[in-house]
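One chain, subunit A, appears in both complexes that follow, with subunit B as partner in the first and subunit C in the second.
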Partner chain A sequence: MFEFYTLLLFCIIAAFIAVETRNLLSAVICVGAIGFGGSLLFLFLRAPDIAITQIVVEVLGLVILIRATISRDITFISGDREFFGTVVSVVIIFVIFLAGIIVFKTIPPFGTPVFAQVPDSASQTYISTGLEKTGAANLVASVILDFRAYDTLGEATVLFTSIIGATVILRRRAKKKLEEPDA
Partner chain B sequence: MKGMTVVVKTIASWVKILIFLFGIYIIITGHRTPGGGFAGGVIIAGSYVLLMLAFGRQFAEENLPLPLASRLDCAGALLFALVAIVGLVFGGSFFVNFLYQQQLLPSKAFQLISAGTIPLSNIFIGIKVGASLFLVIFTLSVCCKDFKPATPAKEKEQN
Partner chain C sequence: MLYALCFLLFMIGLYCAVVKKNMVKIVIGIMIMEYAVNIFLIMLGYRFDGVAPIVGKSELAEQINSVTAAFVNTAVDPLPQALVLTSIVISLGSLALMIAICIRTYERYGTFDITEIRRLRG
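Take a look at the complex of A and B:
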């Protein structure tokens, strides 16, 4: 677990730098470092499916963010912070921290899942009968596309709707057609 | 954006094929190795983003026109829902894995053709995610780069 906690510390430090730095490009690079550290964390937790998805989405998002940062004129954040906003955020973070201490006392220690100890729980059923019920060697695929396929359908719907919204709001073709009769 | 230098263009023209093939591999073996439709679709969209960054936006749009991309997006979503509805018709309930449960296909673990409808769903989700992420990145880059809408329209009128 030593590597895991080292990576976790690395991610936390990168998050602090990403928030505190005034250079936009370094903030974006720190966000990328958090993402790649997160994908390595998933690998240490033995979740290669999530690790692949995380690293791929991270690369794509980082490319967009860096391109958007470079094309800006001002790449530095200027101006001081407001006193009231800083106080409010510090108080909120402190309250969440206190609540987190209480919550973390009740959950089981890291690496011992609760449902692994219950024989008839859903996860144990998936692990023991997943191969014979779906025929898929990858249990993650059998869960997300057979046992829990409704979730995947909802996820696909969310992605579809968000992309419809983005393309409708950001497109420029309709504006041109409106401008043509005037010109 | 006219694209990058000759070095980047030459390397990108070789690497784009490998990235695209790797995306297809991740999609079609998603039911036996780690991966699946979502990750493979994002990799395929990444190969088009590489094209767009290296050769310019116009080249990428000639390779995958925007109407075709939006049609692929809709077709992927529709076909994924169709798999569920065919399960409702033949298997008795929504999203039932009818190809596996009724032994319509030879199904042996770790084979490429196995697990019934899971590879089909993976392929459709891959098409959908790849096309939609290409669309959203394309629209975002159009929005960021062409912030002066007056000049390109005038050039087109002169031509």
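Take a look at the complex of A and C:
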């Protein structure tokens, strides 16, 4: 229990600094701290596959974010903040937080998951018959590549779509050809 | 209590995405929310003294290709782990898309401030 509280508090402190600091580069580095703390948390929560994936994704995401912020640090948000709007949004967020605390009382406490109490739940079936049906020793791999392979296909589709979108937005050549007749 | 801390992390991300005026800060807020949701979903499947859902040599039962009852009763939930794996990879794709939009906007307007961008062109 102790390690979960420590790592979550570390993540929350890093999130506070990332939100409130003025320097964009240090904000990005604090996001990296949240990601690596989360990766350690996954390792303690007995999810090694997630921890490995999180580290890889975190490194790539940090590279992308630093590409966006390096040498562009000149943006200073001047101008008075709308005090009223900030207060209203903080109050609304606090109310949502209190409602969430009430909702968390209705779900089973930490460490006693729902699926263990239902005899024939999907997760219980995957654990007991996954090896027999798919031959994979890693049950997470057997779920994503066999029981729910269409999910993984959809994930690949979404990933390629977003990459195509990013390349279209960042492309330079075709855009100039379109703009020249106008000018 | 751990769930509440997770929710607090989510709320920090929500505050950042709603209140801040810097585009990169908004992207950072969305990323913090993604982390919080992923950690919460993994926490839902954890059980005390659980083992990772990977079958080792000692968990194999007498019959061929079946696991012992002890493993069935102690393994953590593999289903949220598989779905969160998908969600993490997709969040990388959406992050690349958002940052691409931010870089384009900066090249065009020379600022990350969303109120400035609104003021320059309709």
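By our rule, the second predicted complex is superposed on the first by the 166 of 183 C-alpha atoms of A that agree within 3 Å, B and C clash if a C-alpha of one lies under 4 Å from a C-alpha of the other, contacts with A are read in each partner's own complex, and residues count from 1 in each chain.
Criterion: contacts are C-beta pairs under 8 Å (C-beta built on N, C-alpha and C of every residue); 3 or more make two chains touch, one makes a residue touch a chain.
These numbers come from a predicted model, not from an experiment.
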{"item": "Touched partner set for A:Val19, first subunit B, second subunit C, both or neither", "value": "second"}
{"item": "When both partners are placed on the shared chain, which of subunit B and subunit C touches more of subunit A", "value": "C"}
{"item": "Touched partner set for A:Ile144, first subunit B, second subunit C, both or neither", "value": "both"}
{"item": "Contacts of A:Leu65 with subunit B and subunit C, given as first, second, both or neither", "value": "second"}
{"item": "Partner chain in contact with A:Leu153 - subunit B first, subunit C second, else both or neither", "value": "first"}
{"item": "Which superposed partner A:Leu8 touches (first subunit B, second subunit C, both, neither)", "value": "second"}
{"item": "Footprint overlap on subunit A, where subunit B in one structure and subunit C in the other make contact", "value": "48-49, 53, 57, 60, 64, 67-68, 131, 135, 137-138, 140, 142, 144, 152, 159, 163, 166, 170"}
{"item": "Interface residues, subunit A side, partner subunit B - complex", "value": "48-49, 51-53, 56-57, 59-60, 63-64, 67-68, 71, 131, 134-138, 140-142, 144-146, 149-150, 152-153, 156-157, 159-160, 163, 166-167, 170-172, 175-176, 179, 183"}
{"item": "Subunit A partner contacts - residues on subunit C that touch it in the complex", "value": "1-9, 11-16, 18-22, 24-25, 27-29, 31-32, 35, 38-39, 42-48, 50-56, 65-67, 71-73, 75-79, 81-86, 88-97, 99-104, 106, 111-113, 115"}
{"item": "Touch list for subunit B against partner subunit A, complex", "value": "26, 30-36, 38-39, 42-43, 45-46, 49, 53, 70, 73, 77, 80-81, 84, 94-95, 97, 100, 107, 109-110, 114-118, 121-122, 125, 128-129, 132-133, 135-137, 139-146, 149, 153, 157"}
{"item": "Contact footprint of subunit C on subunit A as seen in their complex", "value": "4-5, 8-9, 11-12, 15-16, 18-19, 24, 27-28, 31, 34-35, 38, 41-42, 45-50, 53-54, 57, 60-61, 64-65, 67-69, 72, 75, 77, 79, 85-86, 89-90, 93, 96-97, 100-101, 104, 107, 110-116, 122-124, 126-128, 130-132, 135, 137-140, 142-144, 148, 151-152, 155, 158-159, 161-163, 165-166, 169-170"}
